[in-house]
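Pasting a structure here, questions to come.
First chain written, first letter: the chains are A, B, C and D, and each begins at residue 1.
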């Protein structure tokens, strides 16, 4: 097929940069317009010196004219900005939003956690969810999932889907700082974060909470409730999620293991580790993989699952491109790395 | 009073080094014998270049003769080695064990989690536990607590003691690597741990699990059950523990806050943060403080508490010296830092 | 003596925070007014959660009224702001400026490297410089040195002072990010600096260059020339300076070693390491020590010296308090830590 | 063409792991035998969990039988072990040694820096050296360069080759810890290296010194002398080298800039940054690129150049594969990433 011409709006941010890093290795892609907000007019290389082949490209303003004429447009914009931009793009253009605006299906959840009016709901870009792959085929609007929901959901999904846990799920997830984007806030300075672990959004207020619950409902747990605590760890990339829930009556370790093996046997990006080996974030750094392991703690009758992803790759840009591949009928894994950069 | 003459066995390790760092600032102390295992014969400064005033001191073998003639002996030895050394020291010598050998009161717990025969039980060096301060006065044997149990216990203690939670406790705690000591294992190499989060001891097998349960039983929860998952974070020092449990019937956020305020109002080393501010590990780095915060997540009816300590200070050597102060009738806070080194 | 009442202007910044951390352990000090710029009105604990005993103190505006009535005022202000504040303080008040405004003696150097008009020259707070200790006694104005100049100077000083090197000095110094303060700049974000080494101010343009040269001239090298390159390393604190210069004709390794031993035998904060042991920054983290080592590379006839400091302690706040002690006739080492926090 | 069948000896180490990471993305390669020393018998995934597609492969012993039947064999073995293994492989097999055994051409250099007898000299795998690309075509033995020599040489090469500097070169290079391999040494533990900068091999004793000099002699500086100091920085990957030398009489900044532009205009992996932008290691993390910048410090008449590489990629495995491509007549850039993984 001919190359897809792709624009990236918000190219100077971390999500935009990661989309570009991956697209540079995608065989069916031609990189078109690169736009930014206040960084318009500067060279991409001053923001992303790692994107050597594009270093000299100058960022344009994010306007309908600049974004016109592309087959695919990726949006890496602040919350609330995507709807306006998307409205100007034709229905035949595939728009992939890396932000949160179109992820939630319940307007009440939106208002409770984000405030303001709900912009709408787009097909959710997590092909590993039950039935979701089919829903993405042919779509021209994709809401890429949040990073925490992706890894939290995939860590516990098989147990929830098979009814092996009571859906009272506790998630504590350590994340690298790039998940917060390039926001210039004191607590994100290197001097603050290096050598330090801290928490934020504790007590059920983090915006990814309803998104995880929505995913678990899709998996069959109509009454899923999630206690979610994000931990800021001193690393740039990566999320390690510890996800536990009470073992359901009658379930046991063998049934849990079997459910995970069945669920992920054919998933190209989800890798259930051999028993006894636990996920670590650098194993998936820069890759689109999820590494998962699970155990049953019989002393306390809980299932404890752990998942690792790169928050910028499988957590944002990688899953966005994976969903693009599905939407456009390309091989789902095309151009996406499965090998992490370690040590 | 005259100075206490103090020996440190296992001085080349991290626990021993931290004991010495703190003792160098203690006004009632004279540092006597320093011993080691395979490092005997070398200068302390080659192992702990930060201990500048002691850099030229040569390490002796750990023998009864070398340890004789001291008022206090700190043990920073491998598991299983403390009993033999302690047996050679007189009953009038205060022996503070930084290892695990004498922490557990239930031999069955010991055998289940450590294997082999239980060496016995010494007074447990966590003065903040209900009634524990009194039990330490005058003792000549102290078992310093484990690092995870200290922070996990103190994070949830007021809620447990007041019956505000059901004692089905989920702990996920991110720790710096120094908690593993100087073990030469591949997964502890800098190349592996930097930029990485990983888990270990998942599924109820970590040895600190029964110690946390024992503490919660002491606090009144006869049937406490703990699901504990340690996360290895890319930092040298610090533990950040996220501890949650179901809110008890009839309890609410005000009751929880009040319980914490009451419990810690007079504790010199436990600092309940102002509402809305959450613990971070560098705030207590190198100090004997615990920073604690708590919230009630009403959506899922859980209490979520977070605590931060320095695993080597309040988590090991600081609490050991604090307990020494109590045992010997010195002011409890003598010589112990309350200010962390940040950023 | 009665306590000194001390104010800190710029208390929410890193320099101000470190001054306070050290003053909290100083036995002759009462902490008075704490002021800030845009952070006035907020609690100190929101900016420096590690300063637990002062966490509830509210920051005032930096005005003459607030700063009046103190024995000592420390200034941790942006470049150019100190002169105005100092002018309002009486000649009997000891003013210690942690900024650069009064360090350089040559107005031409000032204009070349900082631009604008030279504010003047205050006694330079590096007591280890030849003759400098005496010049500080009794003064009521002190310019605390820059962090790079302190470690660079003390690393090569004995060799320069004894004429054992040609004063064509090459300095490459790796620094932690806290040296840049709390500036909200993208390249200082944790996501950028973690896992990364970078350079800045290359090619003779860094403002600490003339200050190092000034120090070496004071040490007797009238024509000292310095090539200085700072490297940003992924750590919060610490500077490791590699300083080399051609061996002077007739000099050799023994003469160099002897010069260092003689120069630093009686310096309380400069520690010449045993031969074969090289400085590392964590050995001095949080302490006022400088660790130094030197070797002669006979293949290329160069002296190579290495020094390590904590940029916030001996590099800023520690040397400021050390100089305060000297100025006020207190014991020079009073209240200052010599033991680092490691590992 | 048909796939090349490739074996990797020493596959559980960092060099071997990086060769495999890159080969997995190389379109003309089939991965054959994987061997190890003491790790033989274990699964590759336990040592390199990031190599997901090969995780289940079991490591064999390093024997001639196992290595037979491959087109290319990469050696990632301890110093001194490569000669024996290579001797058993046929002359038609391309052997690429990632170790040091065959890099130096002068046996006296070998004996002085490595001790013992010189094993010989193989074509040196740095195609960017003058004339070197041609010397690699068709060879069946390649000595991959050391990581420090690669970045140090390429940083100053154009200035040396054009005679724009006096070849009295001072190199100070900050390196990530993976350059030391998986050696289980206390100073390489995460607890030690995180938050810390240190030096080693100071004073002309580091083994990469004669290799840099050899390269500069190849570039035309018959009497090159190098003062080299490696700095251990708290990161896993990356080297940032600061390389300076006195400006030659008659040379100036324009001439220097022109020399760099000319030298690197057609080099696929060497990227001279736009003026004013300086290298940073994460921009090349995981890529085979070298980022270079240069300035003239006219105050002290020195050329100061800075280069950044990933020590495992362009510093070891990437340059090895690049040289393999050249030797076998494949496109030089085949399968090699030019985009780093950042932030």
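Methods note: a contact is a pair of C-beta atoms (placed from the backbone, for glycine too) under 8 Å apart; a residue touches a chain by one contact, two chains touch by 3 or more.
Everything quoted here is computed from the prediction, not taken from an experiment.
Asks: Counting only C-alpha atoms to place each centre, which chain is farthest from chain C?
Replies: The chain lying farthest from chain C is A.
Asks: Rounded to a whole Å, what is the gap between the Cα centroids of chain A and chain C?
Replies: 44
Asks: On a C-alpha centroid basis, what's the spacing between chain C and chain D, in Å?
Replies: Centre separation, chain C to chain D: 37 Å.
Asks: Using the touch rule from the top of the page, what residues of chain B touch 2 or more other chains?
Replies: Counting only residues that touch two or more other chains, chain B contributes 14, 178, 189, 191-192, 194-195, 234-237, 280, 282, 285, 342-343.
Asks: With chains as vertices and touches as edges, which is it: line, ring, star, complete or other?
Replies: The chain contacts form a complete graph, every chain touching every other.
Asks: Per the contact definition, I'd like the list of chain C residues that touch chain A in the complex.
Replies: Spelled out, the residues of chain C in touch with chain A are 14, 47, 176-178, 180, 182, 184-186, 188-195, 234-236.
Asks: Under the definition above, what is the set of chain D residues touching chain A in their complex?
Replies: 14, 17, 21, 24-25, 43, 45-46, 48-53, 55-56, 178, 194-195, 236-237, 271, 273-274, 277, 280, 282-287, 289, 291, 337-343
Asks: What part of chain A is in contact with chain B in the complex they form?
Replies: 168, 170, 172, 174, 189, 191-192, 194-200, 202-204, 209, 225-227, 229, 231, 233-240, 242, 244, 278-282, 285, 293, 295-300, 302, 304, 306, 308, 343
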